[in-house]
Every structure is written in C-alpha cells, then in structure tokens.
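Pasting in a structure now, in structure tokens, and then I'll have a few things to ask.
For reference, chains read A, B, C and D in written order, and residue numbers begin at 1 within each chain.
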Amino acid sequence: MNEVLKNNKGLSLTIGKSLFKNPVFVNSGTFAGGVEYNAFFDISKLGAVTTKSFSLEKKEGNAPPRIWETSSGMLNSIGLQNEGINYFLDTQLCKMKELGADIILSIFGCDTEEFKKIAAKIKTIEKELKAVELNLSCPNVREGGMAFCAAPGQIGPVVSEIKNIIDVPLIVKLSPNFNTIIESAIISKENGADAISIINTITGTAFDIETFKPRLANISGGLSGPAIKPVALFHVYRLAKEKILPVIGMGGISCWQDAVEFLIAGACAIGVGTANFINPVISEKIIEGIAGYMVSMGFSSLDEMVGKAIKES
Amino acid sequence: MKLLSGEILANKKYGSSLYKLEVFSPYICRNAIPGQFVEVKCSTEDATDPLLRRPFGIYEIDKRFNVFSLLYIVRGKGTAFLSRMEKGQNLDFIGPLGNGLKFDLDDGKKYILIGGGIGIAPLCLAAAHLAEKEKEILFIAGFKDNVFFSWEKDIAKITQNYRIFTEDGSFGEKGLPTSYLAANIKKLNNSIIIACGPSDMLRVIQEILVNAHGFTALSLLEERMACGIGACMGCVIKIKEADGTVVYKKVCSDGPVFNLMEVIFE
Amino acid sequence: MNEVLKNNKGLSLTIGKSLFKNPVFVNSGTFAGGVEYNAFFDISKLGAVTTKSFSLEKKEGNAPPRIWETSSGMLNSIGLQNEGINYFLDTQLCKMKELGADIILSIFGCDTEEFKKIAAKIKTIEKELKAVELNLSCPNVREGGMAFCAAPGQIGPVVSEIKNIIDVPLIVKLSPNFNTIIESAIISKENGADAISIINTITGTAFDIETFKPRLANISGGLSGPAIKPVALFHVYRLAKEKILPVIGMGGISCWQDAVEFLIAGACAIGVGTANFINPVISEKIIEGIAGYMVSMGFSSLDEMVGKAIKES
Amino acid sequence: MKLLSGEILANKKYGSSLYKLEVFSPYICRNAIPGQFVEVKCSTEDATDPLLRRPFGIYEIDKRFNVFSLLYIVRGKGTAFLSRMEKGQNLDFIGPLGNGLKFDLDDGKKYILIGGGIGIAPLCLAAAHLAEKEKEILFIAGFKDNVFFSWEKDIAKITQNYRIFTEDGSFGEKGLPTSYLAANIKKLNNSIIIACGPSDMLRVIQEILVNAHGFTALSLLEERMACGIGACMGCVIKIKEADGTVVYKKVCSDGPVFNLMEVIFE
C-alpha cells in the first residue's frame, strides 16, 4: 500500500454531497448487487457498486439468446430483467450493506410517473445510498430507455420530479446513440442532477449466416467492452470540456491504464463493466493501479489529475 | 468459486477436433462436483479478442494427483486458442461454477446417462462419481461420426455398461441414442435420467418421458455466457416451474442442471 | 472457380444505370487508387475500387500522428489529404483504367459550391466512372464532412446540384455519428441519389497517460475495423429495412462471412476498408468466399440472398 | 513487395526484452535492400487484436541460406506476441517495403552509421552491405543501458570500426553517440551519415550538421503505420523540400529513408 492509497483523501472525490473513497465504480448491470463478486475480492474496497437497474415492478427481460460476442466487444439484450425495486429494498440492500458496499442505486422507469413511484419507495432508505443513477439510456427496452436521449426534453421532468422527492445525489446515465449528450447534460443540470454517467452501450447487431436469424432474439443489442473504448473516451472528453456537470466515464475500461485515460480526459470517476466478466478482480486491481500511477506521476489528489488532457490540448 | 491459474499437464488430441486438457488444481479437485463447469480465458493476457471466457464442463477429476480435465471440441476462436496451449503453460480459469448434480445415493435408483456429442463430457464425471459409489449406471452416447472414437477407452474405464451410437454407423452401433431410449423405455423405468447434448436431443427425450412413468429427468444445459457467476443475466433459458409459472433462469448459477421436464425449448 | 462465379451474372448487381460485376468494393481512403494493391492481386476483379476522396484543390490533411490502434480497431485523422481532383483526372484515372479497375470516384467538398466545381471537372470523363460517391461524412475536417449529417437539410442541394451536372449514379456516404441516417437517405433519394453508403467512421479518441497528449495530433479521429462491425451492421439493417435506396454496407468487414452477414442484413454490395491493411488480398478472398457460400446455400443470384435476414426477422 | 509466409528458424533472446527472429524467405533475401522493412502480422490468424501489422527493419540477410532476420524490442501487445512465436511456426509478413538505401559505391566517401537503441537494427544491414563492398565505415551505437550487450558480437562480425556508448556506462563507453559525433565532426567530414534512432537523437544530429560541411545525411524514420504500402496516408511526416515548400511525405513508401536535413521535427 503506497502513500496515495494510505492517505485515503488522495483517491477520494465528492459528487453532490456524497463522498466516495475512490473513483472506481462498477457499472450497472455488470455486477448485480456485488454478492457474487465478493467471492473474488472485498467489494467494500470499491468507490461504489452501481446496482442493476431496478424498475417499479419485476421485469422479465428479453427472450434469449441475449448475448453475442463480437471483436473485442459483446452485444447484450438483457432488457433490464430485474426483480423490481421492492426486491432491492427488502433483500438486496441489506446484503450489500453487510458486505460494506457503498451503493449507487440504478433505477429505470418507462415514464416520469414510474420514476416518481420508485423515488417515493426509496425515500425511506435514502440515507443508505451514495447516489441514485437514472438509467435513461437502455437500448434494449421499447418504452423509456434511450428514448429519453432521443428526445432530451423529456429528461427535465424526470430529474426535477425525483429531486423533489429524494435528497440523494442524482446521476443521469446517457446514451451515445444520439448526438444529444451535451444537450441532455445541460437539461439534467438545470433540473438538479449532480453528475452525468456516460456511456451506456452502442446499438449493434449480428446475424447467423446459416439460418439468417439474428444472434440476439431481440434482433439488436448494446455493444460494450474494449471495442467501444475510443468512442466512450471521446464522449467523456467532449462533455467534460464543457464543464457542465461532473462526468462518470465508462465504456470498455479493462485495466488501470484505461481508467487513468478516462480520468485525464476529464472523468471524475470511472466505471468498470464488461471487464468484470473477463477478470472478476479487475476493479480492485484498477484501484491499486491508479494509486501507483499517482505516486509515480507525483499527483497527491485526484483533482490534480482529472482533466489533465483537457488542460494540455 | 475462485479465480485460478493452473499448470497444464497435457493437451492431448483425441480426434480430428477433439482434445483433452489436463490441469493441475487442488482447489477444483477438492471442491467440484459433477455437472459443474469452469470458465476459461481463451486469449493471451493482453489481447482482447476473443474477449469472453468460455465455459467447459469438468470431465474428469483425479484426486490422487490433483488434476482435473476438460474434453472439448474446437469450434471457433476460443477453442482454437485452447488447442494451441501447451504443457507447462498456465490456464486462467474460474470455477467450480454452477449448481452441479447432487445425488441422493440411498434412493436405490438406477442412473441412465444419455449424452449427445460433446454433451458426454460432463456426464463422464457424473458416471465416475456414481460408479465409485457403486450405483448401477447405463451410459448411452450418441455421435454424428467417429470423431469420439478414442474416447471409448475413457468410458470403458468407468463402466462396461455403455452403448455408443453414431448416425453414420462409423463407430459403435448405427442409430440414435434417443431411439434406443424410446425403444427400451419400459424396461428402464424407476431410473434417474441425466441428459446432456444438443437441444434437439433433449427435446426428444422430454417428449419420450412425458408419457413415461417412474423417471426423474435432469438435464445439463448450455447457453452463451458472459460472467458465468450469475451477475449479468445473459445466459437465461425458459423454465416452467412446478406451479405453472414461466420464468427465466440463469444457466450459469441456477443451472446448468435443470429438471428436464421443466425446460421450455423454443 | 464454381458455378456462381463462372456465371458472372450470379454475383452482379446494378446501382442506378451501372452494372457491377460483383458486390465487393473497397472503401474510400483505404485503397488509394488501387495501384499499390495491384502488386498483391488483380484489382480488376473487384466489384469496384472506390478512390480516396478528392477535393477541388490539393489538401494537405491533418498533422501527424494520424493513426492509433485500439482494441480490434484503429483511429485515423488523415483529414482527407489528397492531391486534388485534377490529379485524379490527369494521372490516377489513367493508371486505374490501365489496371482494368471499375471506378467509384469519391469526392469531397466543404460546401455545395465546391462539390459543383468538382462535378463540372469530371463531366468530361463521366463515362469512365461506375459511380460517384459523395463523402458527406468525414469526421476529420472542420468544414463540410460530417457536418452534412449533423444538418441533413444541407444534403439536398449538394445531391441535386451534382445530379444536374453529371449523369453518373450517385452514392451518398453517411456518418453514424448522428441519428440522421434514415432522414439523410430520404433527402438523398428525393434529390436524385442512387444509393447510400454506410458507415463512415465513428468518432473516437485516445490519450497518452504519460504526456497527457492526445494520440492523434487532431485530438479525435474516426474509428474503423472489426470493433465497429456490429454497429455498422445495425445501421445497414435498419436502413435497408426502410427500402429507401440500395445500401452499400461497410464497417469492419474482414472476411467473407462478415461480407455475407452485411448482404443478408440488406446491403446490395459491401465495402472492405481497414481489413485491406491487415491482409492485402482479403477483398479477392471475399469474392471467392461469397461465391462459395452462394453455391453451398443454393443461391443463384445476389437478389435471392440480399436482405434474407430482414425477411426472416 | 509481396504477402509472404516464411518458416521461423529461430527466435533468440538477445537481452531482457531484445530478440532476434530468423525467417526463411528466398524472396526477401533476393529482393530486399538495406533500410527496407517488413510488416508482420502479430496475432493468430483468426484474432483481431492486435489488429494492425507491425513494421520492422530488416536486420540481416544471409543469402546462402535464404534467411533474413529482425532484431526487435518487446514494447507492447504485438512484439509480446512475436516474442512467443517459436521455431517451426510460420511468420506472416509483407515485404520488402519502403525505398531503402541506395548507395553510390564509387563516390569515394566514408560512411558513418549512427544508431540509437533499436535504431541500430536497420543500420546493421547497411553496414554489412557496405563492408561487403569494402567501403570504409564507422558504426556509432548509443544505448540507455546494457540490454544490447550480446548484440556486440553481431556488429563485430561486420566491422571492427565501431564505438558503443551507454548513458549509464554499463556497456561500452559512458556517453552519448551524438556527443561523440559533435566532438569529432571536423575529422569525420566528407562522409555520408546514416542515422536511425529516437527523434531526439536525430534532431541533435541535424543541429550538429547544420553548421558542418561536407556531409550527406540520411535518416531512417519511424511513424505509426496502417497499410505500410503507401495507400492510407497514415504515416506521414513533415519534409521541407529543397525549394522550401513543406509537404507531408509517407514514411512507408516515400521513406523510411529521408534526407535528414529536410526532416522537420516538431
């Protein structure tokens, strides 16, 4: 353990009124509630565990097959299968607390009403959450999902209504599939959001040339993994430069060098997703890697490092 | 389950595209049960293609030497990579994964293991386990052709009570394992059937058993996987539960062993 | 040589009034004029050679470094370096003709005026061209380029003005960086275009974590190669389904199976780009592979095969 | 230039991260000239990461056995892959590429070859070529440390007239090759200088030569490449031509040999 890691403050950051111990989060939908991954390492070490997105009611998700591997990437069309917000409140929250996880709760609604109802439900436990992430960018559902990003005007009411109900830092998660990230970030800020998280997956597809059937029952899915890293990094850099809201960067991060690249491009924190599937201890390794990098580069706090590439270019 | 690294002791060619990979791993040998699998990294440490780990059922466990093995068919990039690995290199894998087969050894039942193609792999570990406990087993294997020819010596070490069928008659008897099952269904009753193979085969077995009595039928299923540990919801299949409700279950963590009669094939 | 290949018609297709001997084209900017690649195989076998995009005057392009490799992909920021349309007319056309290449001339202008002037220049040799491709989607130039796709309204005049001047099938090449492909295709059609070619590269970036400098002097560049294949395929499928214009599909195609995947997803022809760099004879291999596939699947013409996945899904 | 496949005859470790790869290829041995390079595929046939070929200068050509070699440093994914290749495997490469060095052997000039780090690799082929033609050469090599230690036996076979400098003094003399050049510039005049190495080194040489007379200076440059054959415009550098105009030139096909005095370093 080196200086920067020992002195907790070196890696810490705040989003809204929440303090995070380090900038390494895990991405919604790739880590469930963390219980499985705790078999591999102590998940309380993470800056935050972002939960799978929860909707008001249980959602059964899309028909299988739901995943398909592509060159350095994967397509998924899970379709937000989840047990509903009550499951989080009644079962999962308590397990995550036991493991000492710092929690970002990801929620999903197909309209403002559903979001409001979820917000009302989590009101009572809001103190247990570091932040709430609004998934406005799922490519795999018919209603809501990335439709919000196609028509950013709809983002305003969702954010402001939720802000009225709960007093937790709000993160808005956006899609790269429309050229609306900056516009959406401005609207999110105006309505009280505390951070933007980008990117959700990029829409893609694949077909079986023997049967002519799509590889995913849902036809299209979301591309994630190293293949999308340069695109994600570009969106993070472009948004961070605008200094609208803090940006949580994600998309293909697979090693500490990738994480550092997002941080210097302007992300205040980063999220590890698909890489967890390949190496279940990678997020722990990334924390260590960032700390080691900071020591070797002489950075004593994240602030000194975040956005370095913006300043230099 | 753990993230493990084990030395490869052998990577033997069994047939044109069939290999057996032997790996040193006290942890797997101590903890794995039949029906469980491992997820193997099939690319060099720093390359991102192929990206995802590949799941393989555990084929053999030799507790004396702390060696387990996989039996695999070369299909695409990942298995091609695997086939090029050599003795002395380390295999990067996660395991043991999945629910596995839990046997009630006092139930006095016979076991019928019925496998199609590479589906025989995880069944062999089950057969070895049952044979060791001196349970009565019948192993029925079906193949397209004679690629599995040299596998016979492995099964013969476990039991003499096996039948091999090939579609083209090039190895064993000509015919389908499911036809054999259908023809002998009466005389086989009061058995526990464990099936693993292509979904067409599993579906036929399901149809045969719908009208038969005195069977418990388990199946080992396959679905494409990402995490392999129950976190991503990528590997679901449709299950009709006892009460009639239809739900998605994860092959990696709810399975790969499912009650065959509850599986909905589409 | 098998049946489908022998019987030339099996692989042929028409775009506008031009007949192409097979659906395997090479992508603008990845094959220069084909002279270099002719050292590796007979480029007259290709369905068409699409030239590097030519502007009216010589363009020096962006500062180096111009390329950076990413996972299963590459970023480029060439910035349309080219010798100007006169070089094509005076030097390159003749070399390409000598080699027997069927030519698609790619042109680029920063506004309608520049496009018109180029069109006027090529009028005299229009008979030598199978088609003209309008590059309205370069991510690496400040003026013109993908700005056309950001504001598809500007596409109309360009297409119609060129159509007034030259009588060659017109292909409009579009960008995936805005959600405007379908809208742009409709406008292109209304103004007389004969086909759409998608996708040009996806914007991305990369930084050096030691120096904080961008890996490309131009900061961002265009992502191409296998990494983008699922995204390109999705755009092709989605546009082809609308049956607005024939679609020429490209983006990450690296083997004949990829090419077939694009064809069954609805592309009438496909383009090989980045893959030429990795295997300089790949486009020839792809022609053979498609023919072999058609024989084994019992297809006797491209028409039977194109869009098969649309019909089945 | 051709797309070639050649059997690997050896892949020898020369230093901690330095390797020499020997490949059978009559075509390269017949056609390549010093300064030319090959573009090597550094991934298995079916994998797409690493994606692009990697360029390497030709280090040695042995016409008797039709074997050429590369000398390379392991830097990232591509060279790591290369270092794992073994005798008997085939190398997939394109070559010979680039303009190469064309010598006017009757000019009566001396040749000073000055290389930094792995930049010595292509210079060795030039040295061998010049030595064979009995030209007078001086080979000046500079390294950070002693990684290139066992390389000395290769250069000693070509000429005894060489000087080795290291920054830390761990091998050869302590110092920089450029300092040596600067100190001896007068005595070395009427020479042809051929330089290859980091751009900082090349820039210093350029500065030294600006005020010197009687030199022709050539440099072998590096830039990231995609196609390697002049088709993509990816590998350009800035050149100030004799008439003062500044243009982008392609390292792969206009170079890698350029008049050092025309190169603009930024």
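Heads up, the rule we're going with is that a residue touches a chain if its C-beta (ideal position, glycine included) is under 8 Å from a C-beta of that chain, and two chains touch if they have at least 3 such contacts.
Since the structure is predicted, the reported quantities are computational estimates derived from the model, not experimental observations.
Asks: What's the chain with its C-alpha centre farthest out from chain D?
Replies: Between chain D and the rest, the longest centre separation is with B.
Asks: With chain centres taken as the means of their Cα atoms, state the distance from chain C to chain D in Å.
Replies: The separation of the two C-alpha centroids amounts to 36 Å.
Asks: How many Å are there between the centre of chain B and the centre of chain C, using C-alpha atoms for each centre?
Replies: Roughly 46 Å, centre to centre.
Asks: For chain B and chain D, let me know how many angstrom lie between their CA-based centres, rounded off.
Replies: Spacing between the chain centres: roughly 54 Å.
Asks: Among the residues of chain B, which are close enough to touch at least two other chains?
Replies: In chain B, the residues touching two or more other chains are 48-50.
Asks: In chain A, which residues are in touch with two or more of the other chains?
Replies: Touching at least two other chains: 71-73, 225-227.
Asks: Are the chains arranged, by touching, as a line, ring, star, complete graph, or other?
Replies: Contact map by chain: complete.
Asks: For a test of understanding, state which residues of chain C touch chain D in their complex under the given definition.
Replies: 29-32, 36-37, 39-40, 52, 60-61, 63-69, 71-74, 76, 78, 81, 225-227, 254, 274, 276-281
Asks: Tell me, which parts of chain B touch chain C in their complex?
Replies: Residues 48-49.
Asks: Please give the residue numbers of chain C that touch chain B in the complex, ascending.
Replies: 71-72, 226
Asks: Please name which positions on chain A make contact with chain C in the complex.
Replies: Counting only chain A, the residues touching chain C are 70-73, 75, 150, 177-179, 202-207, 209, 211-214, 219-220, 223, 225-231, 233-234, 237, 252, 257, 260-261, 264-265, 293, 308-309, 311-313.
Asks: Which residues of chain B touch chain A once you look at their complex with the stated criterion?
Replies: 1-3, 41, 48-53, 94, 223-238, 247-248, 253, 266
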